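Take a look at these structures.
Presented sequentially are two complexes of chain A, the first with chain B as partner and the second with chain C.
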Partner chain A sequence: MSLAEFLPEILLLAGALLIFLFDVLGRRRLELVGGVAALSLGGALLLVVADLGVSGLAAIRTVPAGSVDLPLAPSLYAFTSLGFVFQVTFLLAGLFVAVASLSRPSDEKGASVFFGLLLIATLGMMLVAVASDLIFLLLAIEVTSLSTYLLVAYPRRDERSLEAAMKFFIIGALSTALSFFGASLLFAAYGGTSFYALGPGVAFVGFPLLAEIGYGLLIAGLGFKVTAVPFHAWAVDVYDGAPTDVAAFLSGGSKKMGIFAFFLVFLGPILLLRSAPDALPATFGASLQLTLGILAVLTMTVGNVLALRQKEMKRMLAYSSISQAGYMLIGVAVGTYPAIAGAAFQVFAHVFMKTGAFLVVAAVAGLGVGPLIEDWKGLGAKRPALSVAFALMLLSLAGVPLTVGFVSKFVLFSAAVEAQGFYVWLAVAGLLNSALSVFYYARVLKAIFLDRPDPTSPVAGPLTGRIGLARSAVIAVAAVAIVGLGIYPGPVLSGISTAASHFVGIGA
Partner chain B sequence: MSVLTPLLAYAGLVPLLTFLSFVLVGFLGNRLKGLEWGGWIAVLLSGAAMVVGTLVAVAEMLSPGQYTDVSYTWLTVPGSPGTFPNGVSLVIGFLVDPLSALMLLVVTIVGFLVMLYSIGYMHHDHGLPRYYAELSLFLTAMTGLVLADNLLEFFLFWELVGVCSYFLIGFYYEKPSAASAAKEAFLVTRVGDVLFLLGIFIYFATYATAGGGAGWAASGFKFANGTQPFLGPLVGTNTPLLTVAGLMILGGAAGKSAQFPLHVWLPDAMEGPTTVSALIHAATMVAAGVYLLAVTSVFLGFTPDDQFAIVAIGGITCFFAATMAVVNTDIKRVVAYSTISQLGYMVLAVGAGVTMVGMYHLFTHAFFKALLFLAAGSVIHAVGTQDLFKMGGLRRTMPLTAGAFLVGALSLSGIFPFAGFFSKDDILGSVFQAAQAHPAYWPFFLLALATVFLTSYYIFRAWFLAFGGPAPRDASLPTAHEGPWVMRVPLIVLSGFAIAAGFFVFDPAFASLLPGAGVPPTYTATDLGLSAVSLGLAGSGIALSYTLWGNGRIAAAPTGIAAQMRTVLLNRYYFKVGYDWIGRRAVYTVARSADFVERYVIDGTIRGFEKLFSRGSDLLRRAQTGIVSDYAGYVVAGLVGVLLLILYVGPAIVQSMGGG
Partner chain C sequence: MSAFSPAGLLALSGALLGLGLFGILTRRNFILLLISVEIAINAAVLNFVYFAAFSGSSSALSGQAIAVVLIGLAATEVAVGLAIVLGLNRLRGSINVAEASALRR
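Presenting the complex of A and B:
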């Protein structure tokens, strides 16, 4: 192992330590600590992207057909091209939130805690993207989880945040317990926890039932992270109670980490069992896919149906975030490389649409507008640029053409149709859900652009609050990316497709 | 080949020109008060689009049967080995073939005329930049749809057209009825859109299993490849899956073209400005459904079962909508119902296998229906009401409008030699022939035939009420006057088309845009007999209309009645003068029951869905207690569910599906 391989991660860690050091020295100005956070996130992003640029995606190991890009010998970590794609996603989400948060009042309390924990949470996510051992993976997830519990609670005087953090922590602890219990059962069944050990060519120790139950427990444990229904109930309370910038990070970053963990843990059994059918009951791979498929449909439907009647903007976005997780799970359930590419692209796109949308919500709250959707009435006339950016984000979430959300859904659903059989129904469910989701997004757009503000609403007044340069810039970048990638997705999409094809081998 | 042939590659200019108009007017309109808030820019650019569109159509006529395709790959989904080795591409391209050239001609000409007319008609409204920008965007979407070279692109523009229609119906969004009409139109057509998309998916999956996926999917559902049609009709017999796919396409078309039972939105869409009704809800967008059926029948093909369903929907719609027009008192709604009815004729023709005859009617209908709407708009502009019973005698003050409406009415009624005569007669003749091979078509042929009578009756009723008689029945109406020249010119041009457009197909070059059986119409002894019957029916419709509503009748009772005209008493009055009460009764019953179906069954179903989801939402929300131990309970329950699925249910299902 060479430390140079982990340069981006080290940069994040160093940034976090520097921030805490400043804190001890009493230098807590938001611009200073935020600047350090943004610089180390930006630097790490540049390093990862440069790495991709120098070695190229193709240079990373190509995997034989019918297998997964897993280490050839037991090891704790492995660099995969798909992992890099996810790292870019995580760093983007972190960077967006960090830069946008620079626009907050500079004497705000707890800035060093916020930015320091943001870096550590991102560090954990970076490690998840290179994990190749179940225990390493779960520990990396814990690094992120523990920091995000604290992130939710960092405004210590706010009871809502504290309550949200408590709920988050309790359900999180339960899920962690389930995951580790599952991992221990898998250890018993396979005699190892490296994904290498879970692969073919290693003697299967026995106890297939233990392995099956182990995977079931991991679905529940990791399902918490991706907010799969019915492991989702915490998410809305937490997104709602957490500071909005933290909610932006949770939905844009840490949930995506869960998706990648799903890829690592479940694609192995799904794909490998096709080539090594002796290991577990012959039907196991297929029934695992069926379970994940049902989970996906349940997640998108419940999320959408609940979003329909929400009156609060943040809660509506939280539920829509749950339904988006359902679309991403389609990629895991289908498991072919186009589907993985679709899910990875959706994850990537989600940073711009959902993280962006939460950042807009924070900006609008900063203007003094209330939390309800009806409080936003007439905003379109007062803040046209901000409103148009938000409209683009919502339209993209709804999957309207010429936005990146359309491209990702198109790829994902066509991949499901390509896979034939049961998976076609996943695409159908996804389509019907997309149609349903238009209703609640349209309602918001109507309020913003067509309705007049209530006379008592702040929107009817002069609306003098400032959004801040940094936050405006992030929102603008996200909006431009939504349209840019919607019109010209070519290079990014083909890069992600290549990465996905290397991850599972084209023959899968 | 001709000198114009190279122009075919530049058909994409048409949507680009109107898009330019959208951008210019949308961003600069507020500063262009002198140019009618950007209206003149829109007129100029849509005029340019019309010139290009016409030249393209002429070029296509001069090189009959040419397929010219210019396309770019937008995005490529990686493929899996086996079914789709080359992946699936989303291609954006412009295809000129006979059908799209014909549609391009219609859309750009009517589009330009309506834009010009708007300058006068909309002059006093607020929000004009928005109006011209949205109308330009609509023209972009519509011409993009017409020129789409593949099914997915077609769908994208189809959606964009729907969005524009939503905005334009709701143009007067401060009026609650306009806002709700816009919503209704959007929701109902969206039902159709989802069906359409499902249809595309089924075709996609079918091609994959048939082994054709490699080329077909890689090309991105393209209609044509280079200079040849790429997709041939793939069905001759009934296959359940393809039948379902065809029915889904029919569902999509029914939503857009307001066919039974998805017709409910169109009459309410009249809440939009009349110009919008003329362009979108008469000549172009509502015809897109018919165009979709035509494109599908040319490039994919319908199964016989599908064809029967299409014939049935078309036949029922054309009669059903006509009965509702008979009793309506709103000048725009009468014309709207007649649109639904005429679209029914076109659908009927496509279903009966004579696609090009349906398109022929689409072509003539676009002109005479736009004419009727613009003439109605001219009346509304002058007197400020849409209520027929308040009008009267307008032929004296608005002779040009009265003449234009008369030409439109004659054409709609199918009176020789107006345009509507040829195309409608062609449909009746062709369906008559088809019915001899498929006896199940007979009832729908008879409905279509009966509709001829109703059509001429209701449209002349409208004419007599508005233009006949000595003076307006509501004396408080302002004194009517003709509109400015920008409104008169479109009426004159469209009148010309409504008279002459029927003859175009007798020119072989023009007929090459409608390559198929039945165009141009032939006149055998049977055909002539049928023409005589339908002319007789149309004539008696006009005669009945005259007896009941004509000049003399109203002149005989000029006072006192005017105020009462709108009430049910009016109908009693006409009972006394010898109205054929059986016919009247029957018509009323049908109209009433149609109204019942519309109000309770269809609206009820839509509301039901809304309620269902709201209820579901409330129910699920109750689970969101905020109590953390409940959440832990869900996690445990979920875990149990997952384990059951993995260990027991999953394997059972997988085995029963024969997998492993």
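Presenting the complex of A and C:
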């Protein structure tokens, strides 16, 4: 092992420490601290992309090709190409939010807190992506959780934000306690906590019942993180009360971290089901698969049905975010490598769609438009470029062809159909839910492009607020990526498929 | 290790977890809620320490190390919770969880 392998993570940590140092020295200008944050996120992104083996960047690789995708061993961390794919996703979400936040009013208080915590939260996610030990994984999740509680609370004068942070904290503490108790039971049953000890290297299984209860508690504890139904109730209030940029980060970043944690923890027993069906963890791999499948269907259905009734843009997006988590869970439940590739691609695409959509909501709120969907009436005529970008994001979330959302759902659902049996029903449920979701996205699009603004609404007025260059640029990049990856997903998709096949190869 | 059988220990730690979770879900006072969080996390700590000693193998050390790390984690968790509750108290002059209603609709 060498420290150089962790250069991207060190870069993030150094950026955060520099920002806090500037804060102590009284240098708190938004451009300065935001610039440091964007630079360290961008630098880390470049390094991780190089680690993915992109030709032309081989010179700056921090992890040599020989130490990626090694067979599972009893260690704390391991580098996998799928982990790198997720790291790219996390860094993109962080970078989008950091750059867009440069367009905030520069006299706003708390900029150094915001950007510093953003870097530390991203650092935690990066560590999740290389975890090879249950305790390492849960601690990395804690790094992110603790900093996101404070991120939600950083506008300290805003009662709604603090209240959202309080709810987030209570639910987070509950999930932490459940996860660690689950981990302690697995430790009791297997005598170790590395994924090697829990999977292929099972040496001693003292108490099979403990292992089952342990995995059950982990489903609940991690389920809170990915907002899986029935552990979803907190998410909407938190996304609603949090500053919109933070909500963009939560749905694009920290929820995706939960999905990867699901991969790491639950794929072990599910994969063992295929390679060594008589080993003890495999015997409940089947019930685990069933549970996760039910969870996926519940999550997408409940998320979509509740989204239908929302009157506020942010809450509608929050519920749609819950339903998207359901689609991603299909990938874990099916557990074949095309399904994992589909889920990973969906996670990747989600950064552009959902983070982008939340950033648009923040931009529109900056224009002085109210939070209700009907407040957006007639926006299409006033701000055509912004409205078209938002429309692309919603269409992509609904899974309309020529957008990246269509490609990711297509890959995911066809993998579920290929897996036969009970999984076909997961694909059917996903398709029905996609159709259902079109209703509420279409309602928003109708309001924006077809309806006339109410005479009293700010949209009917001159709409003088500014969006800012940085935020406009991020929104444009997200919109272009949605269409670009929708029309030509080839290289990215094949890269993710290869990474997923390696990942499954390691676990078996 | 004869004082406690695994079943007895699990009953104890399970009861601690249950107490903690019950407290987290029902306590109105944020400080008492933080204490409940502490109890719930300590249930896991207890398990790690006991089963590390119980198995007696090379994993014994790792179990105890995990316990120490978890104690640190619980303290961090409480520090962050206190920061949030201080902010709320400054705004509203109350640390009652049930009075939080700005997001209800």
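We adopt the following convention: the second predicted complex is superposed on the first by the 475 of 508 C-alpha atoms of A that agree within 3 Å, B and C clash if a C-alpha of one lies under 4 Å from a C-alpha of the other, contacts with A are read in each partner's own complex, and residues count from 1 in each chain.
As a convention for this text, contacts are C-beta pairs under 8 Å (C-beta built on N, C-alpha and C of every residue); 3 or more make two chains touch, one makes a residue touch a chain.
Computed from a prediction, not measured in an experiment: that's the story for all the values here.
> Looking at the overlay, does A:237 come into contact with chain B only (first), chain C only (second), both, or neither?
both
> Which holds for A:139: it touches chain B only (first), chain C only (second), both, or neither?
second
> By the touch definition at the top of the document, which applies to A:185: first (chain B), second (chain C), both, or neither?
In the superposition, A:185 contacts chain C only.
> Does the superposition put A:489 against chain B (first), chain C (second), both, or neither?
first
> Look at A:501 in the shared chain and tell me whether it touches chain B only, chain C only, both, or neither; answer first, second, both or neither.
So A:501 only meets chain B here.
> Of chain B and chain C, which one contacts the greater number of residues in chain A?
B
> Quick check on the superposed pair: does A:309 touch chain B, chain C, both, or neither? Answer first, second, both or neither.
First partner only.
> Which partner chains sit in contact with A:415 here, chain B, chain C, both or neither? Use first/second/both/neither.
Once the two structures are laid over each other on A, A:415 reaches chain B alone.
> Which of the two partners, first being chain B and second being chain C, lies in contact with A:432: first, second, both, or neither?
First partner only.
> Touch check for A:166: first (chain B), second (chain C), both, or neither?
Both partners, chain B and chain C.
> Between chain B and chain C, which residues of chain A are contacted by each of them?
Overlap of chain B and chain C footprints on chain A: residues 166-167, 170, 174, 178, 237.
> Chain A touches which residues of chain B in the complex?
Interface residues on the chain B side: 74-81, 83-84, 87-88, 90, 156, 159-160, 173, 179, 190, 193-194, 197-198, 201, 204-205, 208-209, 613-614, 616-618, 620-621, 623-624, 626, 628, 630-632, 634-635, 637-639, 641-643, 645-647, 649-651, 653-655, 657, 659-660.
> So in the complex, the part of chain A that touches chain C is made up of which residues?
135, 139, 142, 146, 149-150, 153, 156-157, 159-160, 162-167, 169-170, 173-174, 176-178, 180-181, 183-185, 187-188, 191-193, 204, 206-207, 210, 237, 240-241
> Give the list of chain A residues in touch with chain B in this complex.
166-167, 170-171, 174-175, 178, 209, 212-213, 215-217, 219-220, 223-224, 229-231, 233-234, 236-237, 281-284, 286-288, 290-291, 294-295, 302, 305-306, 308-309, 336-338, 341-342, 400-401, 407, 410-411, 414-415, 417-422, 424, 427-428, 431-432, 435-436, 438, 450, 489-490, 493-494, 497, 500-501, 506-507
> Considering the complex alone, what residue numbers of chain C touch chain A?
That would be residues 6, 10, 13, 17, 20-21, 24-25, 30, 33, 37, 40-41, 43-45, 47-48, 51-52, 54-55, 57, 59, 62-63, 66, 69-70, 73, 76-77, 80-81, 83-85, 87-88, 90-92, 97, 100-103 of chain C.
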